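Naming follows writing order (A, B and C), and every chain is counted from residue 1.
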Amino acid sequence: MVSKHEILSLMERYDKDALAITTVCSHSSLQIFDGARKEGFRTIGICIGTPPKFYDAFPKAKPDEFLIVKDYKEILSKTRELATKNAIIIPHGSFVEYLGVGNFQKLKLPTYGNRNVLEWESDRDMSRKWLEAAGIKMPRQIKNPEDIRSPMMVKYYGAKGGMGFFVVKNYSDFQKRINRTEKYTIQEFVLGTRYYMHYFYSPIKHDGYSLSKGSLELLGIDRRVESNADEIFRIGSPTELSEAGIYPTFVVTGNLPLMVRESLLPRIFEMGEMVVEKSLELFGGMIGPFCLETVVTDSLELKVFEISARIVAGTNLFISGSPYSDLVDEKLSMGRRIAREIKMANETGMLSDIIS
Amino acid sequence: MVSKHEILSLMERYDKDALAITTVCSHSSLQIFDGARKEGFRTIGICIGTPPKFYDAFPKAKPDEFLIVKDYKEILSKTRELATKNAIIIPHGSFVEYLGVGNFQKLKLPTYGNRNVLEWESDRDMSRKWLEAAGIKMPRQIKNPEDIRSPMMVKYYGAKGGMGFFVVKNYSDFQKRINRTEKYTIQEFVLGTRYYMHYFYSPIKHDGYSLSKGSLELLGIDRRVESNADEIFRIGSPTELSEAGIYPTFVVTGNLPLMVRESLLPRIFEMGEMVVEKSLELFGGMIGPFCLETVVTDSLELKVFEISARIVAGTNLFISGSPYSDLVDEKLSMGRRIAREIKMANETGMLSDIIS
Amino acid sequence: MVSKHEILSLMERYDKDALAITTVCSHSSLQIFDGARKEGFRTIGICIGTPPKFYDAFPKAKPDEFLIVKDYKEILSKTRELATKNAIIIPHGSFVEYLGVGNFQKLKLPTYGNRNVLEWESDRDMSRKWLEAAGIKMPRQIKNPEDIRSPMMVKYYGAKGGMGFFVVKNYSDFQKRINRTEKYTIQEFVLGTRYYMHYFYSPIKHDGYSLSKGSLELLGIDRRVESNADEIFRIGSPTELSEAGIYPTFVVTGNLPLMVRESLLPRIFEMGEMVVEKSLELFGGMIGPFCLETVVTDSLELKVFEISARIVAGTNLFISGSPYSDLVDEKLSMGRRIAREIKMANETGMLSDIIS
């Protein structure tokens, strides 16, 4: 992994009045560019082959400049060019996935957030260790598939965006569906309703909901729309369909906006707080946006089935603000919040606290 | 119940230039405080033990002051203190539930709305009488559980927030699930899609959609998200699951925003109108926000399965305005609409028309 | 059909400084009037019997004037009166449906959009021809009901708003449910999640996402709420219910807001582009708002099951802007976009390009 020392010396040569917010043209790039522009930054969009034409339809979110690469790995050899343009990298799910965790950690460019979070987040065992150590309740996990006696969610290790998830009810279901050449986890299917909480942790802002260092915000909540699980009931129940070899799948195709019962907010903030505090202890802190992916049960318990340690696509819903962020500031998208953080850090000489 | 006369004499000693919008820190308090602040009011949040830290994360919705109590009943002994602070109470679902209907009616503080509505609303038989007398179509109710021949929703009397609701299809289902020590109603399960309409009735505003006295607004629509009923289909059908002793439950965990077919608006306004007019006749009027909880069937009929006679949590979605309220005024949340009503009543000497 | 020549000579007598945006009081009229008002137009609402009272509740969306008719057919005999008021007709789904396609095409009033689209859109065979010729993937269609071996959606020809749609799994299902006196199509039921894309095509605007002539915008996405299909799972699976003679129905009762995965946007714009380009070739172009009604499968393929060639009611959600339109301009509803187009065309002498 590139050392923080290297990044900081690289940044010494940056023109701090001309920082360019830079990300890959996908996932949540529209709001990242829109937010950066609103905070006064130049923007660079990294794309493959040719600039995506669709940005022409969104003048407020079109990057000032495109950096064209043949494939995402080529970004690694363009770091010098990007550094001369004072690029600050904003990671998002597709960025990390396309480049690969290992490559992303080697990227010699100032990157918003703490890259140490990646090894904790990308491995299901380590993320469980982190969250449970923080006091978060997670769905029960079982090791031996023969112990499956109730609905369980099976997830392959590398599975992204819900691809490669499936539900089984017993060992024989499991045997029918598993691909034994891949690593998997087996997790209790928690009954309830899903809420994806969009937190923002700032280590440099001290007013607001304060933590041992910095403060915590909640800027929105969404529910992922999963294909085909969200609509498959229209043609049959899981059992009926499985007889025809049709199974629910959990590929994320989009997002819809939600509010949660206000009486759950104290617990929701506590959860965010515990996860950040533990991250400070374990690896120097998870910085910026993160998402706890939860199920709220009918006894109003919150169980976290996954964590995303960067901007999630569900925040795309709130490009002009959410019912939560509206209580913080007007028109505050997550993309804009990130840009504002970098601006504030730059103005106060604290970039080294939020960059790695 | 505290008499209106008492409340009005109490209010005579109020400093009308320093009214403080006051509510319990839960349910819809964020928008109530945010709306009050936007209309220029001081705000007081009543909470148990210590001020909830989560308000620090929402600077626009943090009350100016917290009143700390050991338990909600203690509010009854703090009325003098609150009166010296010129407190106007805004009731919401949790406020009334935590304090209890009886205690709430005894509360010696000016309270927004007509407290007489409580006895009509909190009793399922009386609310049905009211709504049916108003000409509202409700799901058929049956007395004898042996008559259950199609899907029916069973609700215990005190059941709040969807806890203690369940669906049965026949008498044997019913026998398996009922707790005979509790009072219940049995209501037809109406097939369709749910819409929760957020109305606002002002007895003192005379332009707009006018009634025999005052006028009616529609400020938003939501759908409640119910755990686990909204996602249980992912693992099995009701029949399949019941064999494993798993049943759908209807606990409200949050809300999502909706629009309704525009061609239904005439009927939706008529329904609101009829319910308000009947309330004026029966008990002097239901004042301020109320919600008709409806199912729209596939023949585009609207059936009302419940009424809430105060601000509902679904309005939390629209802190910066809904597609409906945007056609009334900019950034008009229900919380802000309430504050604006109190402001207008105060300025025109009509507080006694909206307070009890 | 009324000729474009007739319409253009009629418009020569119009007072271009006093154009009146005119539509039928239903469907999406609130945002059409609100948008027109915001762009500085007078507005006329056509209604039956008496002016609908509900507009009084929405001061920003109340038309300046009502034109009262006994029934919709009477509009045909009021064209002279409307022409003296410089009326420009904005068609929407209910307008066309109430008047009938044939009558609508005969209407002697300047109408926003290209009326030639109607014969292509209103016939399921012709719309399929158009879309497939454009390179759009649609659900497989079968002619012979005996070939039904998997879930299929049967739609009667005239079916509107989802009324008269049903799902069958085999020939015996089909026989049980079909009304053989009506014309129908049988279409594969594509498993996935539905997204209704709100496009806007301007033949006179040349910046932005440019086409061979003019440019394309994406202003929002919704999902239709269908009664009872969206909630029927709460009481049973399709098979369980069919035994009791209860079937899912697909009547649109409202809409909820959605975002789609950002990585699908290039494909979504391509699809819009291909459909517009083919329409230019086939019948002089589909002008203004249109909607591709799609299913996103779990392999992230988009299949279009229908097209609407005018403003759809799902745009009602975004009266003050959507997360997509916010990246184009502030508070840009589809209704306002239409008004702005007419304004721009009027100012630049290009009304003849967008009127028929």
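Here, contacts are C-beta pairs under 8 Å (C-beta built on N, C-alpha and C of every residue); 3 or more make two chains touch, one makes a residue touch a chain.
Keep in mind that what you see is a predicted model, and the values were worked out from it rather than measured.
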{"item": "Interface sides of chain B and chain C: same vs different residues, half threshold", "value": "different"}
{"item": "Angle (degrees, nearest 5) of the CA superposition of chain A onto chain B", "value": "120"}
{"item": "Chain B and chain C: spacing of chain centres that average the CA atoms, whole Å", "value": "35"}
{"item": "Residues of chain A touching at least two other chains", "value": "233, 237, 240, 256-257"}
{"item": "Of all residues in chain A, those that touch chain B in their complex", "value": "150-151, 167, 169, 189, 191-195, 207-210, 215-218, 221, 223, 229, 233, 237-240, 248, 256-266, 268-269, 296-300, 321, 323-324, 326-328"}
{"item": "Parts of chain B lying in touch with chain A, wherever the complex brings them together", "value": "26-30, 34, 52-54, 56-61, 94, 163, 225-228, 230-237, 240, 244, 246, 249, 251-257, 313, 316-320"}
